[in-house]
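For clarity, chains are labelled A, B, C and D in written order, and residue numbers in each chain start from 1.
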Amino acid sequence: MLHAVIFYFFAIMTILAGLAVVTRRSPIAAAIALVVTFFFQASLYVLLDAHFVAVAQILVYAGAIMVLFIFVMMLLNLRGSDPGTLPHIPGRALAGLAVAGLVGTGLVVSLEGLRMMDMGPAPDDFGTIEQVGALIFNGTYLLPFEVASVLLTVAMVGAVVLAKREV
Amino acid sequence: MNHLLSLVTFLPLIGALVVFVSPKGTAKWLALAVSLLTFVVSVPLWFLYDPAAHGLAGWETFQLVDGPYPWIADLGISYTVGIDGISLLLVLLTTLLTPLVIYSSMSSIHKKVGQYMGFMLILETAMLGSFVALDTFLFYVFWELMLIPMYFIIGVWGGPNRVYAALKFFIYTLVGSLLMLIAIVALYVFHFQQFGFWSASILDLYNVALPFRTEALLFAAFVLAFAIKVPMFPLHTWLPDAHVQAPTGGSVILAGVMLKLGTYGFLRFAMPLFPQATHEYGGVIAGLAAIGIVYGALVAMAQDDMKKLVAYSSVSHMGVIMLGLFALNTEGVSGSVYQMLNHGLSTGALFLLVGIIYERRHTREIAEYGGLATSMPKYSFVLLVVAFSSIGLPGLNGFIGEALSLLGAFHTHPVATVVGTSGVIFGAVYMLWMVQRVVFGPLTIEANKTMPDLTGREIAYLAPILVLIVVMGVAPGPILAKLEPSVDRLLVQVNSQVDLLAQPDVAGGQR
Amino acid sequence: MNPALLSLVPLFPLLGVIVIALLNRRASRLVAGGIATAMVGLSALVSFWTLWTLVSSHGQTPMLYTRLYQWISVGHLHVDIAFLADPLSAVMMCVVTGVGALIHLYSIGYMDDPADADSTWRFFAYMNLFVFAMLLLVMGDNFLLMFVGWEGVGLCSYLLIGFWYTNTDFAKAGKKAFIANRVGDFSFLLGVFMLFWALGDQATLTFAQLQDTLVAQPQLVGGSGGTLVTAIALLLFGGATGKSAQIPLFVWLPDAMAGPTPVSALIHAATMVTSGIYMICRLNFLFVMSPVAMGVIATIGALTAFFAATVALTQTDIKKVLAYSTVSQLGYMFLGVGVGAFTAGTFHLITHAFFKALLFLGAGAVIHSLHHQQDMRHMGGLLKYMKITGVTMIVAWLAIIGFPGFSGFFSKDEILWLTFSANPAQIALFGPEFPLPKILWIIGAVTAVLTAFYMSRLIFLTFFGDYRGGHSDADAAADGHGHGHAPPHEVSPLMWVPLAALALLAMGGGLINLPHWLPSGEMSGGLHHFLAPVFANSAPYLSFDGADESLEMPIMGITLVMVFIAVMVPWFLYLKKPGDLDETRRELVPDLLYRGSLNKWWIDELYQAAIIGPILVGSRHFLWAIVDAQLIDGAVNGVASAMSGLSSGYSRFIQDGRVQTYALVLAAGAAVLVFAFAVGG
Amino acid sequence: MDQVGLYPVLFTSVALFMIGAAGVLSRRNALIVLMCIELMLNSVNLAFVGFARHLGQADGHVFAIFVMAVAAAEAAVGLALVILLFRHKASVDLENFTMLKG
C-alpha cells in the first residue's frame, strides 16, 4: 500500500511542477520548475523499475539541457518578460488543453482492450543498464542508436552555424 | 469532305489576327473587307444545302460535313463541323449582321479601333463555330470562346459602369456553361459505359439511353446554361445591364446573334439529348417562357431608357421563341426558328437606330427626344417600320414567326400560350408608346431641331435589314422550305424515345 | 370576267401607295390626290365589273377565285396569297372602293389647308394603303390573309388618326385605337388557333375548305351548341368587337375623330368598322352552330346601340355625335347578324355606309367652311349659306332616322322585324324559351327613337335657327367676341359632288333589297337572293316564325309614330322656343343623367383606373423596381458579397502570421483524426 | 508497483502532455515555449516507461533514451533559433514575429 502512496505523491508533484513551468512569468523561475519536474519524473521512473532511464533522465535533461537553457537565458540577460502585456493568450491555452485532451483521451479510450489492472512483480534485473545495453547493442536497436548519434552531431553543427556571429 | 464550312468559320479569325496587327487607319476597312468576304463565302452554303437530301440517321442528317479529324484521338474528341437547315440560317444571319455591325461601328468607335474590330471578328468565328460544331467539346470550346471578346467589347468600349455589366455578363454565362460542361462529361461517360468506346460527337451521344432521374438532372444542367443565355425569366437581369453599357455594335451582335445561341443550344442539345425530360418538363419551361413574355413586356413599359426598353423587349420576344420551341410540333418549332431570324434582324435594327440618335445626342432617355418625324423623316419612317416588324404586324416578318410559334404552342401548352399571346398586346403598347414619344408629338427640344437625318452610310447598313424585313414577311416560302425538313428530323429524334414510354413511366428503371 | 383580273383590285391602290411614296414631297395635293383617287376609281370599276359578272350569271358562277403564290406551308398549315370574290365579297368590294373613291375625291378638296401642304402626299399614301388593306381583308380567301388586312387597316387607322402628329393628343388617340384593336386581335388569334387545332388532320384556314369540312362533319367542333364551337365563336367575336367598336372595346372610336374628317368618313363609318360584320357573315356557318354565341352577339349589339345612342344625345361636338351614332348603327348591324338575319345586317351595312359617309363628309364640309369649328353651339342656320351641303345632309338625316322611302327605313326596319320575329331557340343565350328576341326588339325600337332625337338635334342645331358662330362682317366688329370670319360659304365642287352622289345612294339605297310586303315584283329582296348562296349553309339553323306575318305592318307603324314624335321634340326645343338651352334641359332631364351622358358614362375613366393605371404603376414600381432590381439582382449580388465576406473572414482569423496559431490548427487536425480513428475503430 | 496498475501512469502522462501543449500554444516567451516542448516529450517518455513496465519488456526504455537524444538535439537547435530571433528584434516575445502574415 505504501508503494501506491509514494507513487501518487510523486505523480502529483510532477504535475504541479509542470504547471509551475507554464504559469511562472519569468523564464528563470520556469527553468527551475522544469528541473524540479525532471527530478520527480526520475523518481517515477525508479518506481516503474526503469533505473537506467531515471539516471539518464537526470544526467541528460536536468544536467545538459537545462544548463543549456540557463546559459542561453544568461546570454540574452532577460529580466523577465516585459511587464505590460499578458504573458500568455488565454484563448489559446484553453484551445491547447482541449486539443491535447482530445488526443490523450482518444488514445487511452482506444486502449480499453488491454487488461489494465495488476502488473505483477517485475523480474529482478528489469530496467537495469545491462538489459537495456544488451537490447541496444546486440539486439534490434543497433542501427537506430547509430542514427541517433549522427542526429546529435548534425544538431550540434546546426546550432553552432545558426548562433555564431558573422565573422 | 469539302472544307467550305471550316473556311467560313475560321476566315474571320485569320482576319482578326491581321487586323490586330494593322495600323489604326486601315484596321476598320480591313475588318469590313474580311467580314464581307466571310459573307460572300457563306452565301454558296445556301445553294449547296439541299433540304430534300436528308437521311434519318447518322451522318446524313447533317450536310457539308467537314469530316471527323481526330483532335484528342484517344478521348474520341474530333473536329467535326456540319450544318442542317437550322444552323445554315443562323450562320447566314451571323455572317450578314457582322459586316453591318462593323460598318456601323466605324463611326461610333474612336479609341483602339483595331482591337475592337479584332474582337468583333473573333466573336464572329466563335459564334459561327458554335453553330456548326457537331462535337460537344468543340461546341463547348466555341461557346466559351464567345464570352471573352464580348467581355472586352463591353468592358473596354462600354458606357459608364461597364465593368460591372461586363463582369456580371461574364460570370452569369460562365456559371451556366460550367454546369453544362459537367453534364457533357457525365453524358460522355455514360456513353462509354453503354457503347464501350469514347466519342463526344453529338450523333453518338444522341442515342445514349439514361434512367429518367439521371436524364432529368443532366437536362436541368443544360437548361440552366441555355436559359441564362436566352435569357429566360428569372435569369435575365444581366441582359439590360449588358445592353445599356455595351457600345452599339456590341449590343447589336449580343441581341442579334448571341441570344440565338441559347435557343439553338436547346434545339441542338437539350431537347434531342434528353427527349423524356423534354416532354416531362416542357410544360414548366413553356410556363416560364410565357411569364417571360408578359414580364418582359410589362417591365419594358416602365423603362425610360431606350436601350433598356429594347433589351426587355427582346426578353419578351425570346419568350415567344422558347414557347414555340417547346410546342414540339412542326408549326411551333419552325415558327420559333423563323422568329429567331426575325428577332435578330428587327432587334438588331432597333439597336442600330438607337445607336444612330445616341451618336447625335449622346443620350438614351426617351424624354430627351420628341417630334423627330419633322426633323428626321427618313429616320422616323425606318424606326416605324422596324417597330411594327418587332410588334409582329402581319405583312412583315415578325408576324409569321410569332403566329406560327403561338399556333404550334397552343396545341401543346394552351394555357401558357394564352398568357404568351397577351404579350402581343403589351408588345404593341410599349413599342408604340416609345415610338409616339420619340417620333410623334411637337418638336420642343432645341437640339432635336438641328439633328441631321440619316446619312448615306447609315442608310447603307439599314437598307439590307429593311429589305429582308419586308421580303421575309411577304415571301417566307424559300426559308421555310429549307427549314422544315431539319425541324421534322429534330422532332423525330425528340419524340422517338418517348414512344417507348407509351407504357407507364418506368421512372429510374434502367432501360 | 377572267378571275386573274381580281388581283388587280387590291394591286391598284398598292400601286398608288408606291407611286405617291416615291414622288414624296414633289407630289402636290392635286397630283397625289389625283393618283390616289384614280387608283381607287380603277379598282372600283373592276369591282363593279366583278359584281356585274356575278349578278348576270344568276348563280351559275358562284365565285371568282385567283391564286397568286403559296405564302406559308408548314406542317398542317398551308396558306396561299389568293383572292376570292363571292357575292358577299363582291358587295363589300364595291362598297369599299365605291364609297372610297368618292371620299378620296372629296378629300382632295378638304385637305387644302396650307399648313399641311407638304404632307398631303403622306395623307393620300395612307388612304390608298388603307383601301389596299381593306380589300385584302374583304377578298382574302383564308384567315391569315384576312388577318393581314385586319391589322393593316388597324395600322392605317393608327397612321391616319395621328396624321397631325405634332399634336400629342392626336398621336395618343392613334395609339389608343391601335392598342384597342390589338386587344381584339388577341382574342381573334386565339379563336383561329382553337379552330385550327379542333379540325385535327383536316386542319385548314381557307374559308371554302373550312365551310365544306364543318358542314360535312359538325362534330369536329363539338357539334352545334357544343362548348368548343361557342368558345371559338366568342373569341372571333371578341376580335370583331375590337375592330367594329362594340362594348367593351368601342372606346377608341370617339377619340379617333382626332383624324381629318375624310378619314373618319372612310374608316370609321364606311369600311374598317364594318369588317367585324363581314367576318361574321363570312363565317355564318360557324357562328350559327352556337346559339349561345349568336345570343351574345345580338345582345351586345343591342346594348351597344342603346348605350351609344344615350351618349350621343348630349354631345356638342358634331363629329362626336356622328361617332357615337356610328357605334350605335354598328350595334344595329350586330343585332341583325346576331339574330341570324345576315342579309339584313349586310343590307344595313351598305345603306349605313352611304348615309353615314355622307353625314361625315357633310360635317367635314361644315367644319371646313367654318375653319375647323366643330362645336354645334357655334353653328346654326347654315342652310342659308350652304345650300347643297344642307340638302344632302337633310337627305342623310331622313335616311338614318328611317324616314319611309329612304334606304335607312328599309334596312333598319328589316332588322327590327327579323329581330322581333326570330325564333328564340337560335339565340339561346338565356335558354331556348327565353323571349330574348322580343326584348332585343324593344331595345332596338327605343334606340331608333333616340337616333331620331339626336340626329334631328344635330340637323336643327347646325342648319336651322340663326347662325350663332361669328356674325357676318357688319356685326363682327360690334359684338367683338365673334370670330370675325367671312360668313360660311358653300364648299368647292370637288367636295359637294361626292356629297350629291352619296345623297342619291342614300335615297335610292333601299331599292336593292325591297321588302316583300311592297308590291315590287321580282325587284323585291334583290340582295336576299343575291347573297342566298353565301348564307345557304346557315339557313337550316334559322327560322323567323316567332311572330305571325300580320304583325309586321302594325309594328312598323308604331315605330314610325314614335320616330315622328322624337323628331318633333328637338324641333320644338331648339327651334320653336330656343330660350336658354341649359335651363330648359335642367328641368326636363335629371342632372346626373345629363352629366353621365355628356361624359360618356365615365367609361374611359373606368378603363384608365381599372386596367391601364394598375398595369403602368404595377410594372414600373412593382415588377421593375422590386422584382427585377431587388429580388433577382439582390440575390445575385448577395451571393457575390457573401463569397467575399467568407474569404476575408478566413484570412483575418487563421492567416495571422503567428506560429502558434498554425500549431494549434495542426494539432486540432491531428486531434480530430486521432479521435476519429480511436472512436471509429 | 503492482497495486498501482498502468492507468495512473497514463493519466499523469496525459496530464503532463496537456499542460505542455497549453504552454506551447499560449505562452509568448520563446524560451518557455521550448521548455514546454521538453515537458511534452517527457510525458511521452513516461508513457513509454509505463508500458515497458506493464509488458515486462525493456524496449520502452530504449525508446525513452532515443526520445531524450532527440529532445537534446531539438533543444540545441531551438535555442540557436531563439538567439537568432533575439539578435533580429531584441525580444523573444513571439507576438512580435508575425512576418508570416498572409
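What to note about this one:
In this section, contacts are C-beta pairs under 8 Å (C-beta built on N, C-alpha and C of every residue); 3 or more make two chains touch, one makes a residue touch a chain.
Everything quoted here is computed from the prediction, not taken from an experiment.
Counting hops only between chains that touch, chain A reaches chain B in a minimum of 2. Leaving out only chain C, the chains still linked to one another by touching are grouped as follows: A, D | B. A simple rule picks the central chain: find each chain's mean C-alpha point, then take the one closest to the mean of all protein C-alpha atoms, which gives B. Looking at B-C and C-D, the interface holding more C-beta pairs in contact is that of B-C.
Centre-to-centre separation of chain B and chain C, using mean CA positions: 39 Å. Computed from the mean C-alpha positions, the centre of chain C lies at a distance of 100 Å from the centre of chain D.
Rounded to a whole number, the gap between the C-alpha centres of chain A and chain D is 6 angstrom. Once the centre of each chain is set as its mean CA position, chain B and chain D turn out to be 70 Å apart. Each of residues 89, 92, 95-96, 99-100, 103, 105, 107 in chain A touches at least two other chains.
Under the contact definition stated at the top, the residues of chain C that touch 2 or more other chains are 660, 664, 667. Residue positions of chain B touching 2 or more other chains: there are none. Interchain contacts (touch definition given at top) occur between A-C, A-D, B-C, C-D. Partner chain D is touched in their complex by these residues of chain A: 1, 3-4, 7-8, 11, 14-15, 18-19, 21-22, 24, 27, 30-31, 34, 37-38, 41, 44-45, 47-50, 52-53, 56-57, 60-61, 64-65, 68-69, 72-73, 75-76, 78, 81-82, 85-90, 92-97, 99-101, 103-105, 107-108, 111, 114, 116-123, 126-127, 131-132, 135-136, 141, 144-145, 148, 151-152, 154-156, 158-160, 162-163.
By the touch criterion stated above, chain A contacts chain C in their complex at residues 89, 92, 95-96, 99-100, 102-103, 105-107, 109-110. The touching residues of chain D, counted against chain A in their complex, run 1-12, 14-29, 31-32, 34-36, 38-39, 42, 45-46, 49-50, 52-54, 56, 58-62, 64-66, 68-77, 79-84, 86, 91-93, 95.
Only residues 651, 655-660, 662-664, 667 of chain C touch chain D when the two sit together in their complex. Those residues of chain D whose C-beta lies close enough to touch chain C in the complex are 21, 24-26, 33, 94-95, 97-102.
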